[in-house]
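Heads up, there are several structures right after this.
Across the two complexes that follow, subunit A remains constant while its partner is subunit B and subsequently subunit C.
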Partner chain A sequence: MGLINNSRAKSPWVVHFDCGSCNGCDIEVLACLTPLYDIERFGILNIGNPKHADVLLVTGTVNPRNERVLRNVYEQIPEPKVVVAIGACACTGGVFADCYNVIQGVDKIIPVDVYVPGCAARPEAIIDGVVLGLQKFQEKVEKMNKKAVGN
Partner chain B sequence: MVVLAIVLGPIIGGLLTGIDRKITARLQGRFGPPIMQPFYDVFKLLGKEKFINNKVQIVYVITYLFFAMLSFVLFVLGQDLIAIIFVLTVGGGAMVMGALSVRSPYSQIGSQREILQMLAYDPLLIITAVAMFMVTGSFKVAEIVNYQIHNNTPLLYVLPLVFIVLIEVLSIKMRKSPFDISAGQHAHQEIVRGVHTEFSGPYLALIEVAHWYELMLALGFVAIFFASNWYIAATLVIVMYLLEIILDNTTARLTWKWMLKSAWGFGIVLCAVNIIALYFI
Partner chain C sequence: MGDRRTVIPFGPQHPVLPEPIQLKLVLEDEKVVEALPQIGYIHRGLERLVKVRDFNQMVFVAERICGICSFQHAMSYCLSIERLMNIEVPERADYLRVIWSELHRVHSHLLWLGLMADAFGFEAMFMETWKIREAVVDMMEATAGSRVIISTCQVGGVRRDIAPELLQQIVKLADDVQRRVKAIEHSVLNDYTIKKRTVDKGVISKEQAWKLGAAGPVLRASGVKWDARMIGYAGYKYLNFEPVVETAGDCYARTKVRFREMFVALDLLRQAVAKIPAGEINVKVKGNPEGEAFIQVEQPRGEVTYTVKGNGTKNLEKMHVRTPTFANIPAFLTMLPGCELADVPVLALTIDPCISCTER
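Showing the complex of A and B:
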């Protein structure tokens, strides 16, 4: 079990969902994959399939049209999983918070573990966010194990 | 010997995959993941929640792993090449059936493409085995190796064209670019992840381990082309593997039509020329 738990933090596969972002944050997410930042150093892979992923990166404002899709993507990720909201829009709705069609933040729809502020969030901030997400990940795993023992 | 093959096979296969990922990253100007990364991935996947669409999927995944293992073990034991190819195909077919058992368009398209890939490389593998039979007079791996040691003539000297075809077979089998049409490797995506779309968690881990066995088997095929000297055989395998990685990084993905044309047109013709030439030497 120790081996599996140690491996979890070393291979977080990331799935990126764009809720309707201006693409600023999306470009920064993809910038993390470039040679300059290279998140594969930490074993992070950008996976297209939520069924293979561990970390969900959400960018952009959520609205009533796409909250169903967001929830669907979230539910398709097997446990344990972590959600990182990237950029002002995903965290709170940003400058669009008062619009009639905008939901103020991803956390109104699905549980969010890490908030990465910024408009657009810088790649360094995104990497920090994912690394912080990994710590949350460990906490979740420990909780899960305790639950398993308790049962 | 059997236990050794079952244990060491995936360990070496996993390490080779790790080296592949490191070299790929370096070729792209990145630092790259640690060499042990494939093992972390598999252990992590083993600890994930079990997500299945139907119970048949589990059976197919385990069948795939079992037959991949069996084909490698048969190879190590020096058994019949035709039987090994058949077992390998049954394993591949099991995975395709597992992917087809789910009504996901990605999984369906991915498995159709996987079938096309199998159709492309299987005849070539069998012709390779036939060519080896023409030279050595046996389909058995052990006999093929013995023949080369006794006569001190590596198969590579008499079957150079077949060996060139084997390079293409290897890249189709390992789903390397330009033939990664049924499922992307590593961070590449093709129709989300093709045949692997609907497998997740521990089952994806089993598929990965089965893939390592297949990798070892494929490299074993390369090694028996120079069985008269094991040092040269090892060098040949390493050179071949590096060549595959460089090909993977320098070529773009092609369509399945192009793959069939090149595998059957180019591959079968080269093999035929080589086999015909055997009558004149």
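Showing the complex of A and C:
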């Protein structure tokens, strides 16, 4: 167990889902992967398959059309998992909060652990958010272990 | 034998494209016979926001139609309102608009090149192009204070000035980027794998491109010499440039057009810095917009058109945006039938899709 938990928290894999962002936050998420910011130094890998992932990064506004997809992606990620909402749009709807086709915030659909503010959120802030998410992740892993021992 | 057709959903959550577009691909073995786009994942309905935001606030909303060409969206919106209200923008503001526009074009094309490399599986090149792009984005931060959404345009001019030392640094940056892009240009355009996967793939003839209403690099790669910058909006009327045209109309030609466009953009940056006059950067705007106006602006992905209609109050009556990717989708759907499944991501990327502006 120790080995698995350790590698889970030390090398989390992230999957990025763009709900309806203007691309501003998306390119900042991608910028995190590139040499200047390089989140791989935290052991973080970006992958396309939600079934391999531990952390879900959500950018952009949710709307009734992609809500189902978001929930689907979220459900496919195995427990324990952490959700990071990136940018004003994902946190509250941002400038688009008053639009007719926008749900104000990802947390109306799935539970969110970390909110990263900004429009567009800066790569530093995103990295900070993911690292914060990792602490939560560790707590979740420990909780799960306790439960397993309790049984 | 029965029906050998399979339908494969491509997207909306997809490892190659960062944005959710769904294509239902009808396949016969590995060959695509039909593609049906499913849209609406990013629709926000922001054009209706004109009812609740006044025309000055709408600049920020227009800017967030697409984060990659954000400045150009803001500029197009401002240009259309200025045309409506007959506002004469100071010359320095015109030049500053060109500078920020061209910075956006360079960063957008580099971003596209990186994604393209990623679609080929060239991870190292993805990293390299994004490294070059960071220098451009840093310059935007130095001049405007923000990395992607720079919010410097306003109705009547621009919000910020660029200091002379920074202008000189822009020239230095242009030289530096030129050198670094030249270095990768050779290895991209002469690479065996890239040629194999792009030459004669997804060919759009000149007539087709024109008939399907393609825009931007897709149109120019098919041999049509049309670039909205030729109209001479903002500061382009003071600068010299030649639109980049290729004739083959395949993926390789589109790649080449974007490469050469980067150099043109860098050249425009140098010209603008050399010619920029001193003076005011904005004028006071009085009154409310009334009437109708239409504007065309060349964005990295092609031509965008803005139509605005005012009714004399501070809220516009209507705003309509036609974005370049929307214009390119018919061309894209024409390219798909006959190609192999593995080519779909590359074909999708050669139109440089921007779904968030298509669906708004």
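In the analysis below, the second predicted complex is superposed on the first by the 151 of 151 C-alpha atoms of A that agree within 3 Å, B and C clash if a C-alpha of one lies under 4 Å from a C-alpha of the other, contacts with A are read in each partner's own complex, and residues count from 1 in each chain.
Throughout what follows, a residue touches a chain if its C-beta (ideal position, glycine included) is under 8 Å from a C-beta of that chain, and two chains touch if they have at least 3 such contacts.
What you are looking at is a predicted structure, and each value in this text was computed from that prediction instead of being measured.
Participant: Residues of subunit A touched by subunit B versus by subunit C: which partner has the larger set?
Facilitator: The partner with more contacted residues on subunit A is C.
Participant: Who does A:Glu40 touch here: subunit B (first), subunit C (second), both, or neither?
Facilitator: First partner only.
Participant: Once the shared chain is lined up, is A:Asp18 touching subunit B (first), subunit C (second), both, or neither of them?
Facilitator: second
Participant: By the touch definition at the top of the document, which applies to A:Lys10: first (subunit B), second (subunit C), both, or neither?
Facilitator: Once the two structures are laid over each other on A, A:Lys10 reaches subunit B alone.
Participant: Check whether A:Phe96 is in contact with subunit B, with subunit C, with both or with neither, and answer first, second, both or neither.
Facilitator: second
Participant: Which partner does A:Pro78 reach: the first (subunit B), the second (subunit C), both, or neither?
Facilitator: A:Pro78 contacts subunit B only, not subunit C.
Participant: Which subunit A residues contact subunit B in one complex and subunit C in the other?
Facilitator: 35, 47-49.
Participant: Per the contact definition, I'd like the list of subunit A residues that touch subunit C in the complex.
Facilitator: Subunit A reaches subunit C through residues 16-28, 30-31, 34-36, 47-50, 60-61, 63, 65-66, 69, 73, 94-96, 98-102, 119-120, 122.
Participant: Would you pull the subunit A residues touching subunit B in the complex into a rising list?
Facilitator: 1, 3-8, 10-11, 13, 33, 35, 38, 40-43, 45-49, 51-52, 54, 76, 78-80
Participant: Inside the complex, what are the residues of subunit C that reach subunit A?
Facilitator: Residue positions touching the partner: 12-16, 18-20, 40-46, 48-49, 52, 60-61, 64-68, 70, 111, 114, 126-127, 130-131, 134, 137, 146-149, 354, 356, 359.
Participant: How about subunit B: which of its residues touch subunit A in the complex?
Facilitator: Listed in rising order, the residues are 21, 25, 28-34, 37, 39-44, 46-51, 106, 186-187, 189, 192-193, 196-201, 204.
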